[in-house]
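The same chain A turns up in both complexes below, where it pairs with chain B and then with chain C.
Now for the complex of A and B:
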């Protein structure tokens, strides 16, 4: 779903992070304002087509990136089917898939430091109110950064499980993964402290 | 300032983790260019390094590095010392090599574009210009270790703390890193359980259960340490639990 930056030099990579964030926000408003399943379907297709500059493999990989959303699709779809409002369900699902596809595209084509700078720029007006803008921007960017890090940790835990067990781990990795997340947070804080004036 | 004595000054400095005392109050003045701290697993050497680096606060006494309190004065500490963690994955924060290298420089007040330019320049000098945009996950363990060292060196600290700097690396990488360490003008404090790398140190300290049991030239401390470790090994001491 959310993955590390795709190394490359496509036009999308060169676009300023602030522009991409603004486009994502604009798309969110547009997708929220329309309730036409056809228009929403077209929006999803358009976002998918926007993956093409990254290459066919990347574009073809989108369904796999959206796959982890299936429980939400199932619950929302099931609920609306049961209520007899399938169209309303379709609208919500299309909005969700479109926004996830667009957000993933932004993260795939935006470097971490550019994202950090864009967050700082967006928050700059609040500087005057005395908010620690740079620290908030760092926290936001770190949140995004650590999603792929934790995904790697989860994979490593699953591998360690499979190395000594015949059954799939499923939910049993939740507790160790939570502890791993706290561990990662401690280490990141220490690494930040070792090379910075704050934290 | 009157306490701006050069070197690392510990005055009855102790440290505890989770209420357990790891380091007994230590009084030390380290001024030599190459210092080794020897100890077996669990002796408190990593805690000592973290204390000197200002990553943890002393719960007794005080720590000064070139007159700076490394825990309180983080800005000052950045110029005074750098630390190379044992596991590079605990040190690397950023997804690409040049971002990782630029981070410390930005923290020292350099504007982002200049920090990135310095990072790229440093990579070029090291013959690794092609690393700049590479994801850190694509580097091997030894390469990540090297990246961490470069990130610390870019900040030009007066003292560099090394935590088991050669452990787990293949022999060519060990040789190259050791060569690199030898050329550095910064003061190096190396902590390790392996005396092999400390033969050329100016001063070696042996840490055991949070206390200094020997302190002197390597020719004096290392044989004593090696003898003691051999005896310990013979009596199955690795089954002991600390504390």
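Now for the complex of A and C:
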């Protein structure tokens, strides 16, 4: 769920993670600098076409994947219509859709550890300036690794609450969940120390 | 050191998980979420530096494309929505919250953390979030600020909860609250 890579072997899959990340960032800047709905529409179409290497069904499925954005489209569109600036609203919506589609494409064709390696590579030059690049990479990997663990804990806490109380679980679960997170952290720190000795 | 890395990483994971909880949407597409509460909590519990690092880790993962924002968004999907301002302001919010919690030692922890959350999670968050959101979305400052007004009551509640939870944690596991060793 977190790293929904679409398994496959398209040219996009084989492209280096760093290149794709840079392309995404570049697109983000380009899209932000453009204020022409026509150009933005073309960008969206271009991103859509970029899905083709993944197969026709994938490409055809893009509108469905963009569907969860409908509340944003509604609110932004309505807001701009009310304000009397429909074109500005269209620009914002097109930017949002283009970036979302592009980011989803990146996610589906790139494994997380490749992204992580690319990110570490990006930070590597700062290593000599004192930036603890290895520790950052470790921390990033740890975070991702523990998200499912904490999600399960949250679910368990919610279930236990619902078994005892009529009301829905809310902020009362925060302290136990946070404690669970910190306890996991203590255990993880132990494991780190055991594997690499104290720093 | 390992303990620091582990605490920071796990708190970043906690902020992510808080984003999976159901949220309420308001105008201009900015939701009320547990996630910003997690940001305030990071500062209050871990202190300024470590809290900010945990949140920076979270934002880095968003930049890498992980859909950890509530609603399943990543940094790029909100790049041209008002949310971007607040997401980029999160690390500062955590830092200020932690900084205030560390310094308000004359007050009981619940009150200190609560006030710190108002200073960091609200004042600092809006001070940075609103200009950034306005800039990236071609809106005027006053428009963006008006849009943010609706969140003030919700955020106040979150600040109070932050204070209470922090104090609760200090009672349950003294020593775990790094902002008050």
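Here is the rule we use: the second predicted complex is superposed on the first by the 132 of 199 C-alpha atoms of A that agree within 3 Å, B and C clash if a C-alpha of one lies under 4 Å from a C-alpha of the other, contacts with A are read in each partner's own complex, and residues count from 1 in each chain.
In this text, contacts are C-beta pairs under 8 Å (C-beta built on N, C-alpha and C of every residue); 3 or more make two chains touch, one makes a residue touch a chain.
Just so you know, these numbers come straight off a predicted model, no measurement behind them.
Asker: Regarding the shared-chain residue A:137, is it in contact with chain B (first), chain C (second), both, or neither?
Answerer: neither
Asker: Output check: A:188 vs chain B and chain C. Expected answer is one of first, second, both, neither. What do you get?
Answerer: Both partners, chain B and chain C.
Asker: A:47 in the overlay: touching chain B, chain C, both, or neither? Say first, second, both or neither.
Answerer: neither
Asker: Does chain B (first) or chain C (second) touch A:113, or do both, or does neither?
Answerer: The first partner, chain B, only.
Asker: Going by the touch definition up top, name the partner, chain B or chain C, that contacts more of chain A.
Answerer: With both complexes superposed on chain A, more residues of chain A are touched by C.
Asker: Take the contacts of chain A with chain B and those with chain C, and give the residues found in both.
Answerer: Chain A residues touching both partners: 112, 188, 192-193, 198.
Asker: Of all residues in chain C, which touch chain A in the complex?
Answerer: Going through chain C, the ones touching chain A are 1-3, 5-14, 16-17, 20-21, 25, 27-29, 34, 37, 41, 45, 57-58, 60-61, 64-68, 71-74, 76-81, 136-138, 161, 165, 168-169, 172-173, 176.
Asker: Which residues, counting only chain B, touch chain A once they are in their complex?
Answerer: My answer: residues 53-55, 74-75, 78, 82-83, 85, 90-96, 99, 102-104, 107, 112, 116, 133-135, 137, 151-152, 155.
Asker: For the complex, give me every residue of chain A touching chain C.
Answerer: Spelled out, the residues of chain A in touch with chain C are 2-3, 21, 24, 28, 31-32, 35, 68-69, 71-72, 75-76, 79, 88, 91-92, 95-96, 99-100, 102-103, 106-107, 110, 112, 115-116, 119, 135-136, 138-140, 142-144, 146-147, 149-151, 154, 171, 174-175, 177-179, 181-182, 184-186, 188-189, 192-193, 198-199.
Asker: In the complex, go through chain A and note every residue touching chain B.
Answerer: 4-5, 7, 111-113, 117, 145, 148, 152, 187-188, 190-198
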